[in-house]
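Read from first to last, the chains carry the letters A, B, C and D; within each, the first residue is number 1.
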Amino acid sequence: MRAEARPQAPFGRRPCEVADSRASGGYHIFTLIDSEGPAPAPGQFYMLAAAPEWGGEGGRPYLPRAISYARVAENLTGGLRLDFLIDEVGPGTSRLARMEPGDSCHLTGPFGSRFSLPRELNPEAAGAILVGGGIGIAPMAVLRRELVDRGIPSRSLLGFRDQAHSGGVDELFGCDSTRLAFEDGSSGHKGYVTDLLLQLLEGDDASSAAVYSCGPPAMLEAVRQICLQREIPVELALESPMACGYGACFGCAVPKADGGYLRLCIDGPVVRGEEIATAMAGEPSVG
Amino acid sequence: MRAEARPQAPFGRRPCEVADSRASGGYHIFTLIDSEGPAPAPGQFYMLAAAPEWGGEGGRPYLPRAISYARVAENLTGGLRLDFLIDEVGPGTSRLARMEPGDSCHLTGPFGSRFSLPRELNPEAAGAILVGGGIGIAPMAVLRRELVDRGIPSRSLLGFRDQAHSGGVDELFGCDSTRLAFEDGSSGHKGYVTDLLLQLLEGDDASSAAVYSCGPPAMLEAVRQICLQREIPVELALESPMACGYGACFGCAVPKADGGYLRLCIDGPVVRGEEIATAMAGEPSVG
Amino acid sequence: MDLSTEICGIELTGPVLNGSGTFDVLAARRVFGDALVEEFPFDCYVSKTITMNPRPGNPPYRLWETPSGMINSIGLPGPGLEGFLERDLAGLAELGVPLIVSVMADCAEDFEVLVRRVAARDEVAGIELNVSCPNVHSGLIVGEQPSETEALMKALRPITGKPLIVKLTPNVANPEEVALGAEAGGADAVSMINTVKAAAIDPGDNRTWLGVGAGGLSGPAVRPIALAQVRVVAAAVEIPVVGMGGISDAESALEFILAGARVVAVGTENFRDPRAGSAVTSGLPAALARRGFGSLAEAQSARLD
Amino acid sequence: MDLSTEICGIELTGPVLNGSGTFDVLAARRVFGDALVEEFPFDCYVSKTITMNPRPGNPPYRLWETPSGMINSIGLPGPGLEGFLERDLAGLAELGVPLIVSVMADCAEDFEVLVRRVAARDEVAGIELNVSCPNVHSGLIVGEQPSETEALMKALRPITGKPLIVKLTPNVANPEEVALGAEAGGADAVSMINTVKAAAIDPGDNRTWLGVGAGGLSGPAVRPIALAQVRVVAAAVEIPVVGMGGISDAESALEFILAGARVVAVGTENFRDPRAGSAVTSGLPAALARRGFGSLAEAQSARLD
């Protein structure tokens, strides 16, 4: 069983109607109706810009924003319903979160690489371990759904700073096989989600594991190190500043393990742990 | 009887709620509730910017826009109701016209000079002749109201290109003493509003006239020449690109008759016909 | 949080000046009344640039709005030196903050007269030398050449002990070389950036919009250019930098301080909000705290990697 | 309306090029498939700048959004001359439009090799000489000095009869002097503007955002700067100008032509819409008509007062 090749994006940006928009546990979820595009694959993302009023008080946002889809469904009257989970960290994400039903949103995509299936990562794999942090739970949610559809068992470990940064969990994840960690101890495990990963890997046979992760850079790097040390195959969905999303600008550079850079928008956002030099490129050096 | 000194603007810009907004004959009328400012005087204007989404798709509008008030009334729950008449000619006026009730609009002002009373212009004046063109009917409407309130007779001559550029007439002017001219002949006199002015001045005793005008530069210059040739006192409300509205930027220069420039935002927008070198400064030279 | 600071010996209640030519206080006082003085938005007032003789300024149009900015070609209208000293100076001395007078001339001799006459007045705390205006064609644009700038400073330095601040033009390949010239000639500070050469086409007619064809760009659009220039200049010279160019709020003001400016100036944003200077000041404590600074001084001495 | 035109002998179906480095067609074809070629958005394709040896490009971050623009510090990543000729050139020749290859080197000798090897290939219609990249520190920034630019052109001119286009830097006091140097040295055209030196502060940490500290500003924010420079350069030289800098639609493209450009290039706007080039082209007839032009040629020969 192999994951299909990445779907090809329609050429050009297209206006999509906002069908729904609502707050969710400190984050924001909105739904776009895409009547032209192909179904995206887990791990892929879109470039989004509110239309026509992109361009705010201070001259930003100006470029579109890279956003992973968090759920896809068929729309009753045709096309796709795409859900996006947004953390408002600046002018672009704020503007997207302020869109209202009936508004229009420019969309390009789907772009980027998809997650492999567990057996593609590790022939021994019995199932998948999904490690999501903060807004990074969105790609984990779509991967989990695909695995459910394909009958592949998975366990989800989700970590959050606090309740104010934990939107979308109830909607996007079934409660069964999901474990939560909160840094402030307000619920679930008190501490990092990587604590849960370490527990699981100790209990499990590490040789049958396949790990997937998306979240803040420091968390991704910790997951990467944990897996590399144990020789567990791991795929990470990274972030990086992006201007275009389709390989045009060379802006989304991530350092490769063997020197040079990959373009995250076309060579990623899903990368193998051993492919990259660090999941924290560009971040201020810690300590 | 003398017009009062110009009211003093509160220092700083203030948010005002949009109470109403509607199309009117090719133009657009909206109402702001100003709970802080003093009552403006005929001829004055405000600097307006939609809040917070000023700053459009192309990085414009960025500066506030100078807009004359077209009507003022007391608001039932306190403060003033200010009506503005808008001609959508570019990003700023379009954005203002798209504001909706409940939205907020930054306002600074009232700014600029006021119209004199007819007797201040001409001790012989029996009444006033108001000549408005296009969007320039707004200041004429407030002047007419003030004259009505003071029991001073006035006649209004209003000119328009066509029906699509003739908003606000019914609302802002009583039909009685108003005559209309349409360049396309779709109603009223077919031709220029200055034809009506010439007719009136031929019939009248020109020595008892006091003329007021606001409209497009070419019209204002024609009115100015007609009056100067006949030594009829005339006040014109001019326009000029403005960045600040309060004398800070020196951008709104209009050439004075005796050389040099006046700053239209503080030395105008109402100027005497003989004060300026032309009402068409900055316009491409015609012919 | 204590925001008091100083620039080349001038004590300031805070780090927010106005950009020369972007806030005519005499006009603003007519419009806003005494509230303007009681709630004066700047910690130091910089006058519009004064010239030897009265100037009418440029023919209209003088303004055009651009994406996140504006172009102006005002052309330094003003009453000239005598008119300024006799009529305007008294009003500028009533603001309760130190006064810096900006001057410009097209030859060293006139600059000397301007500096001598202005510096002689007790009301004046410092003098800014505008060697960079892109609108007045002096033949020789002093501020484009390091050696010319140094020579001019050497001529002016002996005239007064009051601070001399050189306003740099951004329209050069290497502003740090001009700043080094100013420093070598004895300047007490540099201020930057002035406007960036720019033009606009009339949206309705096939001609340039501005009466004189071109002008200077300001506002948030130029902020990234200003930050880059402040950074290289502050790294090159010992004298303090007055940073400006598109500052619109406390966060963008603090960016200039992190880039190496000691104090900042607000220009075009004044046109959008006459109290923009106060808004910058009132937002600074929170902006400083968010970045982990306990005081303005900490930010002023922070060095970026 | 007929939009066909030519630039230094290269026949074009219309006046819309891409800015070098802003549209990697090989990547875009992987993403969008054959639709990219069938509906190719430009009338002429300009390659990303090629260097002698492979280059990894600059460390992250390489991008920051600014008011109405962006800063990049990409640092010319690429496969080097051999890699380009062997691997990439074939794909660029399949686009059905003339191909201009952009090259850059840090010494005249390397420039000579690049021009000789690239010009020898039939697929190549013309060569753009990038003497202006603000990200690569060559010690000598040729494009800042008129005499250096002229000398480089004199060295390269004998190598090929194919058009040589010099890409000017905007980071100089007087771009027309550099353009005159290029013309005197035998350039067939100049293209302008490249990006304007700029910097940004990390919104979260007290450091510069870009990995290499500074980069180049592009997008609508710089359009007024580009229009001013195109205007003075087009008035100074006889050779045609390729105008760019913040073009986002047909109206802004036409502004460049009115300012004196013969053809235009779309850069940053491609990132907002991969079909931006087509949008500019399809809007041109209406934009030309609105300004009273019956053809593109009329606008190209119009002179602004």
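Just so it is clear, a contact is a pair of C-beta atoms (placed from the backbone, for glycine too) under 8 Å apart; a residue touches a chain by one contact, two chains touch by 3 or more.
This structure is a prediction, so every number in the text was calculated from the model and none was measured.
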item: Chain pair showing more contacts of the two, B-C and B-D; value: B-C
item: Centroid comparison with subunit D (C-alpha atoms), farthest chain; value: B
item: Whole-Å gap separating subunit B and subunit C, where each centre is the average of the chain's CA atoms; value: 35
item: For subunit A paired with subunit C, centre-to-centre distance based on mean C-alpha positions, whole Å; value: 46
item: Whole-Å separation of chain centres (CA-atom averages), subunit A against subunit B; value: 55
item: Of all residues in subunit B, the ones touching two or more other chains; value: 55, 58-59, 62
item: Two or more partner chains touched - positions in subunit D; value: 64, 66-69, 203, 207, 219-221
item: Arrangement of touching chains [line / ring / star / complete / other]; value: complete
item: In the complex, subunit A residues that touch subunit D; value: 8-13, 49, 55, 58-64, 90, 92, 106, 108, 111, 240-244, 246-255, 259-261, 263, 266, 281-282, 284
item: Sites on subunit C touched by subunit D in the complex; value: 64, 66-69, 71, 141, 144, 169, 171-173, 196-201, 203, 206-208, 213-214, 217, 219-225, 227-229, 231, 246, 251, 255, 258-259, 291-292, 302, 304-305
item: Residue ranges of subunit A touching subunit C (in the complex, touch as defined); value: 58-59
item: Complex contact set, residues of subunit D against subunit B; value: 67-68, 220-221, 248-249
item: Of all residues in subunit D, those that touch subunit A in their complex; value: 21-24, 26-28, 30-33, 35-36, 39, 48, 56-70, 72, 74, 77, 202-203, 205, 207, 211, 219-221, 268, 270-275, 278
